[in-house]
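Several structures are given next for inspection.
Next, two complexes with chain A in common: one pairs it with chain B, the other with chain C.
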Partner chain A sequence: MMQAIAWVTFLEGLRNKAVYGITLLAGLMMAFTVVLCGMIMRDVGKVATDFTLSSATFAALLVVLFVGVSSIARDMERKTLYLALSRAVPRWRYLLGRFAGLALLQAAIILLLLGASLLTLVLVRQLYGSFFGSVSFGLVCLAHLFVLLQMVLLTALSVLFSLVASSSFVTFLLTTLSWLIGSSTQAAKQLVENATTEQTAPAIKLLVQAAYYLFPNFSLFDLKTAAAYGLALSPARLGFGLLYGVGYSVAALSLAILLFNRKELT
Partner chain B sequence: MPRARWLMPSLSAVCGVALYLLTMPYAVAVRPQHEQLFTLPADMLRVVSGQFKEVSADVSFLNALTWLGGHRTQPATHRYLPEQYAWVYNTLHNAVALDPYFMDPYYLMNAALIWDRYRPAAVNGLIAKGADARTWDSLLPFYAGFNYYYFLNNADKSVQYLKEASNRSGGNSFYDTLAARIAYKANKTELGIAYLEQQIHQAELEGRLSSLEPLKSRLATLQGIHTIELAVAAYRKLFLRPPRSIEELIRLRMLDKMPKDEWGGTYYLDGEGHVLSTKEATRPTATPKGN
Partner chain C sequence: MIHLDQVSKTFQLAPGKRVTAVQGLSLSVSRGEVFGCIGPNGAGKSTTIKLLLDLIRPDSGSITINGLPTADESSRAAVGYLPESPYIYDFLTAHEYLRYAGRLSGLPAAVISTRSGELLAKLKLEQAADRRISGYSKGMQQRTAIAAALIHNPDLVVLDEPMSGLDPLGRKLVFDLIAELKERGKTVFISSHVLTDIERLCDRVGIIVQGRLWHEGRVAELTMPLEELFLQTVAEAGLDEVK
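Moving on, here comes the complex of A and B:
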């Protein structure tokens, strides 16, 4: 039954018009990258990699926010959740099925975006071969995998938020804020730690440090720089990032299951 | 009633367009310079950009590039205004703060700021940091080394970065020559000799036989200069003044013979006893081929 829920969620996502719009947007951004590269003096390959990977990240984020977030929240708002639960499906199976379907949808979209990114980079290399630099295609693939990992983590968080929040809009806000905070906490922590007491109040320092440890550190999944310059990445860093993402997702989902089991459905 | 159904929306559309056209001049008015030349501090930009910091760096660089392409210098001075230089500097500084590996901002600041003598120490400090970050690149250490010597009169730092450029380029003879000449001009002959000996050793280890001959020739030149310098030092100790000429040193048997200048000139002494050559190198102004 869990597989069936996952598959239905995946198909629902594929039928969602927002997915087509988002994919088209990413495609246009990548086409724009080829035009933009004509303005760059030397590091053309680096700029192309930045833009393709950023487009992929942005598109995947929009899929989470506009498709993933509404999935469970809408079921609860429209009471369609009862239909699934009335067929003697344990709550945790329903939740994991939904999550697996959304993760599968993300994987399919990231695969599509990876194809578009590689196509763009090959085109840029053909056009500006001598200025392409040392872009690593292997690391570009790995960077897409890490984009998928962070989006799966964000989806897990959105599942948790949809059980805490009263509406899909609040879930959307909480998920967006989590991503924004999680992407900046490392830089923000560095900034406040380097600042003097006159520049930053101790309360602000404490707040930033609390956010740093509470929210997921999404910058760990950002491999753009390494891919753009072909920098060596230690297996330890990659392994740690992978475990961190999996660990945080499992924790968020487990908490969501606990909340869902206790939730009174009226 | 049916007429009102299309009349009212049409009327409101016309009013809207009229209002839009009326306010257009305000909307497209050129913003005052203090608004145009605004940049966020780099630390703040890094926090705000989050995972899109690389794209933010690209955009900062493109901002500076297009600004420089679209604005002319002051007709009287052939320079930009100080606040305009400051904006270009801040924008490029932001670009490299967000992505320290990004070559283009360094390239642009080297071309647009250093040669206009805008804060050469600060700009070259950024270029040197870039050279430290881009460990595979030989062009940035060359820029840093050249600027340290040419604009900042810091021969030690210059030689240090030119050596680094030579190492990274696999022994590009241009960098070697420049480093050796700067070391010589900064009265650091021994440093130059040590550097060339190291380069010859490395070339022999790597089997780069073609680069051995020019390196040995430059080493012989510096060794000849060093021999004269030692004799001058001995003369100065004895007579408490510098010798008038190299011939005087030979006459007093403090020097066996006039060393051969491998660069094709003849050595002579200036009033203070510094060794110079009639084939004096001119300051370089061109970049080397390749990277």
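Moving on, here comes the complex of A and C:
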């Protein structure tokens, strides 16, 4: 029954016109990369890697915000979840099924965008080989995997927020806020910890540190620089990122299940 | 099959504003019985159904289906539910929606295929079965939802306003379907405003007004038309609109 729920969720995403628009946008951004590299003619490998990975991340983020965020909220608003919950489907199975469907959708889109990214990089290398540099295609693939992990974590958070928010718009705001804060807390924390008391008020320092520990650190999943320069990444670093993403997602989903089990579906 | 015992439910609408939707409700529906639940708008009929299906939880009292508490999801293994308005994934076709409904109940693909073919034929949806539900009329969506409620051949069928949005042909199709369920010994719980259908289909009827069960009895033993009994009961309950 969970597979059935996941499959319907995946189909819902595939049949959403917004997904095609977003994927097309990402494709166009990658195509533009080839043109941009022709204008720069320097470190084109790094530029192309940065651009393609940023396009993939941006597209995946849009899918979470415009497709994933409304998925469960809309189910509750329109009461389409009544069919599943009026059967012998435990609420946790329904929720995990919806999450699995959204994760599968993200995986399909990122796989497609990985193909587009690799094609773009191959094209750029063909056209501007002498300026390409040492881009690691293996790391580009790994970087896309970590983008997927990042978005799966953000999806888990959006599932949690959809159970506490009063509307899908509030879920959208909370998810966007989590992304913005989570993407900048590492840099902000380093900044405030290195600053003196005259430069940063203790209250601000405390707030930034609290945000760092409360919100997920999305910077951990950013492998753009390593992929662009072909830098070696330690298995420990990768392993930690993987465990962090999975662990945080499990925590968010566990809390979501607890809340959903208690929720009155009026 | 269904047993509600002193069930109460109050909703908090706003700080300091509470509404009692159901109070001290006790009723039983035996296996193979068709029970009609009627009442004015806001009486608590849909709330009673949602309590039965564990979509909401009672503040007090107990509810069981086949002796199992409704908090146990296995109590709903053989339950088919049609909500008050059809809540359907409109990006699916009828075939896909019925496949989904069947898989939720763990039916094998071959059984789903056979059952969906039969139900779509009975509900005159075969021609449209491969079109997206978003292009269906309200009546077609209602009939698709009914098919989804019955795909797994449930022993207990809960229908909340099954005739809603249906034209006369649709009403006849659904009426015949419910009559067939009755003949096959299924237990049916119907909430409806169409009193003539309740009189023709149901074995017993219960009248709920302002969250309480004011009348319960066999349809065959009614001494007046059901509409007259309904209005009389509502007046006894002190509902201002009727007085």
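Keep in mind that, in the parts below, the second predicted complex is superposed on the first by the 265 of 266 C-alpha atoms of A that agree within 3 Å, B and C clash if a C-alpha of one lies under 4 Å from a C-alpha of the other, contacts with A are read in each partner's own complex, and residues count from 1 in each chain.
Everything that follows uses one rule, which is that a contact is a pair of C-beta atoms (placed from the backbone, for glycine too) under 8 Å apart; a residue touches a chain by one contact, two chains touch by 3 or more.
These numbers come from a predicted model, not from an experiment.
J.: For A:Leu191, using the defined touch cut-off, is the partner it touches chain B, chain C, both, or neither? Pick first, second, both or neither.
T.: first
J.: Examine A:Asp222 and indicate which partner it touches, taking first as chain B and second as chain C; both and neither are also allowed.
T.: first
J.: Would you check which partner chain A:Ala4 touches, where first means chain B only, second means chain C only, and both and neither mean what they say?
T.: The second partner, chain C, only.
J.: Once the shared chain is lined up, is A:Ser183 touching chain B (first), chain C (second), both, or neither of them?
T.: Only chain B is touched by A:Ser183; chain C is not.
J.: Go through the superposed model and pick first if A:Asp43 touches only chain B, second if only chain C, both, or neither.
T.: First partner only, chain B.
J.: Touching A:Gln126, do we find chain B (first), chain C (second), both, or neither?
T.: In the superposed model, A:Gln126 contacts neither chain B nor chain C.
J.: Answer with first, second, both or neither: which of chain B and chain C does A:Thr57 touch in the superposed model?
T.: Only chain B is touched by A:Thr57; chain C is not.
J.: Name the residues of chain A shared by its contacts with chain B and its contacts with chain C.
T.: Touching chain B in the first complex and chain C in the second, no residue of chain A appears in both lists.
J.: Under the touch definition given earlier, write down the residues of chain A that touch chain B in their complex.
T.: Touch residues, chain A against chain B: 36, 39-43, 46-47, 50-51, 53-54, 57-58, 134, 180, 183-184, 187-188, 191, 194, 218-219, 222, 224-225, 228-229, 231.
J.: Which positions of chain C touch chain A when the two form their complex?
T.: Chain C reaches chain A through residues 11, 50, 53-57, 73-77, 79, 81, 83, 85, 87-89, 91-92, 96, 100-101, 103-106, 148, 152, 158.
J.: Considering the complex alone, what residue numbers of chain A touch chain C?
T.: Counting only chain A, the residues touching chain C are 1, 3-5, 7-8, 11-12, 15-16, 78-80, 82-90, 264-266.
J.: Write out the stretch or stretches of chain B touching chain A in their complex.
T.: 43-44, 46-48, 50-55, 57-58, 62, 65-66, 99, 101-104, 107-108, 136
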